[in-house]
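Across the two complexes that follow, chain A remains constant while its partner is chain B and subsequently chain C.
On to the complex of A and B.
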């Protein structure tokens, strides 16, 4: 029982972590909370479900197209919605992301449909039985994807100048521009990465938790909570926050009642923010520009 | 030539820059001095593109840069350091300097995401280049992996100059590089700057340390109340009554 609870907590947590990374990357470079981010996750799942159900496309091409579509979507949101805005008017930018989110949800409802869909798991067969717990293969895909994407993100941020440029923008926007780093380019890359990782989270989640046009808000809130919990701006914090949130929910649902799982995780979030306002791993925000 | 012509900037009633014209040739140290409030910082911010001027022009080797964004100006070969340190504190010293080489990246974004062999090769080159610059600025390998923000103040100043050099500038604006340095460090800085100028870089030095300015710069522009009130070689400037007046006040005037 405990194993099963921990395993499912880690799986849900890995999804939250993937979503949280998207919030964190965009926040670091653009200094806004992108409230449309949950809709990228929803779109990933919906497009994957649509391609496999309606067009009978095999799993991996469908997943690749769905993720690619999310990258393009994220790019469009930035280029059309945010790039030309006054960069100091954060409230207006956040309102735009909210509007874009609602629009994406509407588009999914119109073009893909209102039905709840369960696209196929990435690999057939399973579940594995390990010491009294059962592990669906999709669970391995999810945790594996988190590990691979985190490693990739780490390599990008610390071992390429694309990543160093993004870090520079996030640490000191003013000095970064004077090193020839284009803030707009960094923002574009941040949004594309958020689309990529968010879309991947959507396709990974859909086979176990369904795809539905209305899922974006709930997924976004969970991912945002995970990002805040770990410390907004820190990719590692996003992972830690996501896993803690997932485990808390799972343990609450398993030992108390699934009715309370959201309440308990929100109480946890509030408690941590009271003790460490910067999140578990986050640093205090650098000076504002 | 970094040529600044008739630059004007008003902030409401304050005439922060009045018809400022300054020439900084390549391969030389040109100093801009003046009392607090003379407009030196405004001048720096206008040149590097953070403040747009009300009138006038700035050209780098004949290319007008007025109206360009700061990162575009950097790509025209103009780098700067800051009066108040602007470090990438959480990065290592080496990473900080490599960041200056962002504009020299050759591989595409997709190649970077996939981390192709070419990207690895490129990044290795950038790291080597950064190491050479750190050595030029007398920052030994024992510091390279330290967190940039943890270094002593004087070293952070030198890391900033190394970072600016990493952009391969034709001209470098140094905003009070000797602030907070002791005499010995300040003289060492002067020799380093002279060496850099010897490599052909045009250095614009904004500085309060009069010794540094008098000993190391070829030409000095003196600003007061937003305008250039005098210019010349260190010897010429030292003897001008209007300079003494701006610095010491009327009663000491010649």
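On to the complex of A and C.
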């Protein structure tokens, strides 16, 4: 029982970690909390489900197209909605990203439908039995994808010009501009990465937890909780935060109450925001007063 | 747009409502008017928080639900007089609003929005699952007819006046706050919390005050909704309603009471005017919110009213 709870907690946690990375990358380069981010995850799952159910597409082309579509969506969201917004009007920023999220949800509702969708798992075959716990293959895909994407992100940020530029923008926007790095280009790449990783999270999650047009905001807030838990701005923190959050939820569901598991993780989010807004592993920031 | 013109517009709207109600005999239109006014009460509450003090809240549905369930519990379990039950519901909501505002006052903009969103979702989960108190999603809960001192006042005509009094109260409270020292200190907090603190404004107290009043008005609206709907379940108090309230304020005005009332009526009437609106509601709301916040961040009605001034300034330049 305990093994099973830990395993499913880590799986859900890996998904939260993937969502959290999107928040973190965008926050680092653009300094906004993207309220539409959860909708990329929703869109990934919904488009994958739509392609495989309505067009009978095999798993991998459908997943690739779904993820690609999320990258394009994220690009459009940035170019049409966010690129020219007022940097000092934070309330307008919140409402614009929120509005973008609602728009994506509305599009999914109209073009894909209101039904809950269960797309097929990535590989067929029964679950593996390991030491009294069962591991569905999808669980391995999820954990594997997290590892691959993290490695890729690390390589991008530390070993390419583009990635180093993004790091520079996140450290000091103004100085980076003076060094000839385009913050706008960094922002575009940050959004496309967020769309890619978010969309991937959506396609990975949908076979285990279903896809529904209304799920985005919940997935988003969980991912944000994970990002905050690990300290917003740190990809590694996002992974740690995601895993902690996933474990907390599955332990709550297993031993306390499954209806209140979401409430518990949101209470955790509030507690972190109020007590350690820099996250569990982040450094304390100076406060104005 | 000055405060006096906002006050005049608000009074004109409040006078126009009974006239509109008198002109129609259609019970359905009357119900739409009453529901519009209920929404307007909540929108005025959010307008105070968001427009006057810059405190964004994505969890207003929680206060609306607290008002509705507080009222219902007082009336059904303790047999309290309906007017007092509504007052108790509104006060319960205010107490919760005040107590969460203390810790939340440390958060700004993006974080505050996320935290209030989380609060709204937590409260929704509680409403949906604390079935012994709320009836949850199924079967929900119901409340006796509205009455004052045993006199039944539950017809739509009578309910109209009850809700109208509620809206007048809300507008009066908001109008007074806007035009005195508290309102000016809230505006200062909105512009810069640090600058406000430096001239001796107690920022935490100002934020707690506006959260409490916003929660009070939204709770009042919830109590009125309980008597309007008479039978309801937790779905009325989800994120969807918080977003609708935000839309009302965005469509009307982020800083004027009259704008919030107009916005509330637009959002209430849309599904009545357009058939199949429910299907396109989400998409329409999303696109509208983005466009308004990008091009008219003070709200649609305000933006349109300010357009001639902006154009003439541009022509001169």
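Here is the rule we go by: the second predicted complex is superposed on the first by the 271 of 289 C-alpha atoms of A that agree within 3 Å, B and C clash if a C-alpha of one lies under 4 Å from a C-alpha of the other, contacts with A are read in each partner's own complex, and residues count from 1 in each chain.
Keep in mind that, in the parts below, a contact is a pair of C-beta atoms (placed from the backbone, for glycine too) under 8 Å apart; a residue touches a chain by one contact, two chains touch by 3 or more.
All of these numbers come straight from a predicted model, not from anything done at the bench.
The superposition on chain A brings chain B alongside chain C with room for both. Of the two partner chains, chain C is the only one touched by A:274; chain B is not.
After the chain A superposition, the centres of chain B and chain C are separated by 100° when viewed from the C-alpha centre of chain A, nearest 10. Using the contact criterion defined above for the overlaid structures, shared-chain residue A:164 touches chain B, although it does not reach chain C. Once chain A of one complex is fitted onto chain A of the other, the partner contacts of A:174 are limited to chain B, with no touch recorded for chain C.
When the two complexes are overlaid on their common chain A, residue A:155 makes contact with chain B while staying clear of chain C.
Looking at the shared chain after the overlay, A:147 reaches neither chain B nor chain C.
When the two structures are aligned on the shared chain, A:2 is found in touch with neither chain B nor chain C. With both structures placed on the common chain, the touch criterion links A:266 to chain C but leaves chain B unconnected. In the superposition on chain A, the chain among chain B and chain C reaching more residues of chain A is C.
By the touch criterion defined above, A:128 lies against neither chain B nor chain C after alignment on the C-alpha atoms of chain A.
Fitting both structures onto chain A leaves chain B and chain C with a minimum C-alpha separation of 15 Å. On chain A, the surface touched by chain B in one complex and the surface touched by chain C in the other have no residue in common.
Within the complex formed with chain C, the chain A residues making contact are 32-33, 35, 81, 84-86, 89-96, 98-107, 109-110, 217-218, 221, 224-225, 259-260, 262-263, 266-267, 269-270, 273-274, 277, 288-289. On chain B, the positions that touch chain A within their shared complex are 48, 50, 69-71, 74-75, 79-80, 82, 86-91, 95, 98-103, 105, 109, 112-113, 115, 119, 122-123, 126, 163-164, 166-167.
On the chain C side of its complex with chain A, the touching residues are 50, 54, 56, 58, 103-104, 106-111, 113-115, 117-119, 121-122, 125-126, 129, 193-194, 197, 239, 243, 246, 250, 279-290, 293-294, 297. By the touch criterion stated above, chain A contacts chain B in their complex at residues 152, 155-156, 158-165, 167-168, 171-172, 174-183, 189, 283, 286.
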